[in-house]
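Structures are listed in the sections that come next.
Paired with chain B in one complex and with chain C in the other, chain A is shared by the two complexes that follow.
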Partner chain A sequence: MIRALRKSEGFLYVLPALVFVAAFVLYPFGQLFYLSLTDTSLLGGGEFVGFENYIKAFEDRSFWRALEFTVRYTIFITPVLMGGGYALALLTAPNRPLRQITRGIIFLPVVIGIGSSSLLWFWLFDQQVGLFNRILVDIGILQQPAVWFTKADMGLLAVIISITWKVIGFGMLLFVAGIQSINGEIGEAALIDGGNYWQRVWYILLPLSLRVILLTTLISVIGSMLAFEQFYIMTGGNPRGQTFTSVYWIYQNSFISFKLGYGAALSIILTAIVLVFSTLQVLLSNRSPSQ
Partner chain B sequence: MHMPSLRQAVFAATLTSVALVPGAAFAETLSIWARASSSNAAQHMVDLWNASHDDKVELTTIPDNQMVTKLATSVQSGDVPDLISFDLIFMPDFMKAGFLTDLTDELAADPNQAKVAQAFRDLASYEGRLYGTGFTPDVSILLYNKDVFAKAGLDPESPPRTIGQLQEYATTIKEKVPDAYGYYFSGSCGGCNIFTQAPMMWASGATLLPTSGEAPAMEGPGVAEVLTMLKEMWEGGIIPESAEADTGANFFSAFEAGNIGMVGSGGFAISALKANHPDMNFGIAPLPGLNEGQASSFVGGDVIAIPKGAKNADLALQFIQWQLTDEAQLEGLAKNLILPSRTDLADNKYFQAEPRYIVTAEAVGIGQTPYAFHFNDMVNADQSPWLTMIQTAVFDGDVEGAIEEARRAMQDIAAD
Partner chain C sequence: MTALAEASVRPAAAEHVSRAAGESRPLGYLVGAVCIAVSTIMLAPLVLSFLASIKSPDEARAVPPTYIPQSFSLESYAKVFEYQAGLGTYVGNSLLVAVLTIAICLALAVPAGYGLARFKMRFKELWFIILLAPLMIPYQALLTPLYLTFSKMGLANSHLGLAMVHTILQLPFSVYLMRNSFESIPRELEEAAKVDGSTSWQTLRSIFLPLALPGIVTVGLFAFIASWNEFLSALIFMNKETSFTVPIMLVSVRTGRLGSVDWGALQAGVILSILPCVLIYLLLQRYYVAGFLNGAVK
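Now for the complex of A and B:
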């Protein structure tokens, strides 16, 4: 009896959280799934069509091309953000005034909206008035200002540069927290044993901050798989739709072509794919060593 | 017993007196949504109304690319503004969806409605009923830099009258003027090109957007010729390289740099250039067709309508009828160098001082606006058949293949 009461008591404690999740996650998700089984238009109307939207999605070459591009973007940008973020964390982790100021400066773009930063970089890359182009010409990397968004690879590179500037500080901050939480005595012991800087990084800091690295990678991968604003503003999906991301294609279908039902089906498919990625990373994270 | 204070007594007396005065009413506030690109014109009209009426109008500007979504979601949720000003091209979709209030009887009784540009009256009609009227029009024209023309040895007072001449003049500019380009267009912007390239096609006799799955699409003289002209100018370096990736951000600003010979643009360019580049010597001409005497324009701009479920529909109707009066058209629009939606007021005292406006006013008369459902899907979307056709033809060089593919895709969309 007491055990049963204790069980109920525990349930009561988590009830507010469960209600919150049910109202703001499960119910909308259920609605989204139902919508994906209809041919609802943004302009109204819609009938139940079963799994027709899913069948259509599997035959939609543009969606799979957009997904492939999204995965490519994620594969390229994740090591840059993680590697760069960790390197910056190593440089700025000690709490000394100059390093703290540097940390603040690197983190500053994180608080800028992604729409604003994308617009800023869009004009920095402009062929006629772009400052970034001008600098590259002045230091001799380019012969003349480049048009960045006429080639998919150049457009992708431009977006990666802008996003790296925008979010690398976020990863750095998490890594700094991870590095600072490592017991300093371990490093001191390694120092006494004659370990040099890179040996301490490789054998002590990296293994002991692996959980933070995996968590940050998970957040970064999910963010990259859901990329939209930066491509919407900077490349507009061009050239010839080669820089459409999955979310951009969902937006196109839902809000430009008014096909809400089909857009919902694409969203469910993308959610499932992201869920698989996330589960894999969480499993990896659980197997990593803790301090 | 509680005795009322002096303040309470005065308040009660005021309420009673207001209630007893016949016809006494509180002033209302109307809400109007206008898309960003026409909000300047809408603001002039709103200011003029507010200066002379007790009931006030409050304008909310909506980004152009969010207007369709915003209206659709607001109607679905039942929380709509009293008035809405949006791109007339979306009227067919909105009327068909039942988003707008039927104004047939009210507008039929208004003598000014018959004087509104035909394109607005056509686009605001669905199955014999009328759902809105003209508000802030704009038309597409050919904008050219007279100084660049002069440097190239061309007559600044003789703009091209055929697309052949346009290509010839653009080539001459590229050859004769260092650092200048003959022509510019936004190569990744469907809406910009339906506004500026399509009129050259239908001036030549082409039929562009299908109204059903079986209706003709991208057919007739002009389609292949205009695309070929653009392709040849692109291949010849007459168009700047940046045009290929321009999603519309440089639609107007490219010309402002002063090194572009010609560009398809809108009537709005006149006041914008006069304000921002008072020294620029520019001219305005109709968009030409294949042969001499052929010219056309895209009559664009905004319609005004009352969304279904508007809380102040009666007052909203008063605003619509007022904005068609001589006073509103001349003092609200023409005085601010904006085209009136009534064609009988195109030649007015404000425009007579600036002959370039006469060209835009005339363009309203010769212009067209395609009546098509799924316009967004066919034209505006980032991978629309219309835009894909232009990109494939101009940048990839496959004109015939591009037209064939666009025709098939547009008819599929129209049949949906």
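Now for the complex of A and C:
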């Protein structure tokens, strides 16, 4: 009896959190799947319609366009964030005062809200009062202030610039930690062998920080695939719905057009896509004894 | 700023990196110049936003815009303070939601971390994986069912409801961090308490909690920042003007009354909204960076 209690004692501590996850994550996920099989709307409905919403989704060109746009955004921004982040990590990894201060400044935008940063950049990009435009004109890159949000490509570029500013420090800091955790002697050995700096980066630092790079890339890709705020605030999906991301399109369907059942089916599809990356993430981050 | 380095680094291990960077004089100057250039670029948006917020409203909407304010005025801030229900209402909403998020997160994650770290149990890793489920199922997908359920329970448009959603976001990180915190406490201390005849609950309170305090502070810190900044669920759940949180209020400041943007007020709002996060980051950097490195990737 006492032994049985002993055995379950630890479980009792874990139980509240498990109940919370069951009630507010797993159960709603089941609900989401059920919803996706109905024609529920915020205005009523709720008839079971089988897989009709999924069939509709596959034929919905707007959804595919939103998904394709999200993938395009992810493909463009990931190399910028990872490559740029690694370059900044190489720059700021040594513990010298100036480099540490630089590291702290690069990381600063990571802690501010994406809503605030998107509104800040929305202002900087404005054709009339935007200082980013003025800087580009003053240094001669532009002839006159550009209109950023009336063309899809320009809007995408603007969002990529603003998000790069906001989150490049995220990867950088993880890479700095990865580089610094590499045993010093290995670096020393490379020095004796007479390799130059870039060779050491290529043959020693990069391979040894491969796991961190892979994990950070996965986190970054998942984040980009779920992008919403930056487009909601900066482009509003314009022009003509060309900059809707997947989450944005789901939001439009569910909470603007009130098509909850259809929105649920789109959410399930998106979750399945993201699951590929997040499963890899959890597997890779599996706690091994060596850590 | 130096804490940022100290927390993450074993100095000796980083030695070769300094050397590797090549420390000949001209190269050192070049690296220094690059550091200053990068820092300038990263700080510029925040500095320009702050400068715009203290311009007079006329100057804030001038075309072309000025870099350095030619006038000084706090009118933009005054406008934000008096916006609709008053800034106090929105800051109050955001703070209340954040405090509730911190409370729920800690109430769930501290015992869970303790249980996972300090007890033998069957299916332990299975429970752990379930607690990480919010990492696998994006919360963006859950908002519709949660909204329907919360509406029935009277939790839509409530601080508590929004705090629960924010807790979903933070829970995997929090449990992970608390488990690691409790695991790093030496076993001898626990043995001593057992000999004294303390129950596990007493041991948790008297021995583990004080030692796990840095972890607890970190969990609270991240819960605050995540909740304060969160946008999408606040947009969906808090659909009454008076229940807006700060990020949602900012978007409605931009939309303006007659379709024209009050640029000065918008930048004043941006500055006010990022201030708590920046202050926390600067003051509690050690906790922040340690937590970030501990929880983000491992």
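Brief remarks follow.
By definition in this document, the second predicted complex is superposed on the first by the 249 of 291 C-alpha atoms of A that agree within 3 Å, B and C clash if a C-alpha of one lies under 4 Å from a C-alpha of the other, contacts with A are read in each partner's own complex, and residues count from 1 in each chain.
As a working rule, contacts are C-beta pairs under 8 Å (C-beta built on N, C-alpha and C of every residue); 3 or more make two chains touch, one makes a residue touch a chain.
What you see is a predicted model; the values in this text were computed from it and never measured.
Comparing chain B with chain C, more residues of chain A are touched by C. In the superposed model, A:Phe255 makes contact with both chain B and chain C. Of the two partner chains placed by superposition, chain B and chain C are both touched by A:Phe122. By the touch criterion stated above, A:Glu68 is placed in contact with neither chain B nor chain C. Of the two partner chains placed by the overlay, only chain C lies in contact with A:Tyr13; chain B stays clear of it. By the touch criterion defined above, A:Gly236 lies against chain B but remains apart from chain C after alignment on the C-alpha atoms of chain A. Of the two partner chains placed by the overlay, only chain B lies in contact with A:Phe244; chain C stays clear of it.
Contact with neither chain B nor chain C is seen for A:Asp153 once the two complexes are overlaid on the shared chain. Common to the chain B-facing and chain C-facing surfaces of chain A are residues 122, 126, 128, 255. Contact residues of chain B toward chain A in the complex are 68-69, 72-73, 75-76, 93-94, 96-99, 188, 240-242, 244-245, 247, 249-250, 254, 257, 374, 376-377, 380-383, 388, 391-392, 395.
Taken together, the chain C residues at the contact with chain A in this complex read 1-2, 4-5, 8-22, 31-32, 34-36, 38-39, 42-43, 45-46, 48-49, 52, 60-65, 67, 104, 107-109, 111-112, 114-116, 118-122, 124, 127, 129-138, 140-146, 148-149, 164-165, 167-168, 171, 175, 200, 225, 228-232, 235-236, 247-248, 250-251, 254, 263, 266-267, 269-270, 273-274, 277-278, 280-281, 285, 288-289, 292-293, 296-298.
Within the complex formed with chain B, the residues of chain A that make contact are 41-44, 62, 122, 126-128, 147-150, 155, 235-241, 244, 252, 255-258. The residues of chain A lying in touch with chain C in their complex are 7-14, 16-18, 20-22, 24-26, 28-29, 31-32, 35, 88, 90-109, 111-117, 119-124, 126, 128-131, 134, 145, 165, 170, 173-174, 176-177, 179-184, 186-188, 190-191, 197, 200-201, 212, 215-216, 219, 222, 226, 228-229, 232-233, 247, 250-251, 254-255, 260, 263-264, 267-268, 270-271, 274-275, 278-279, 281-282, 285, 287, 291.
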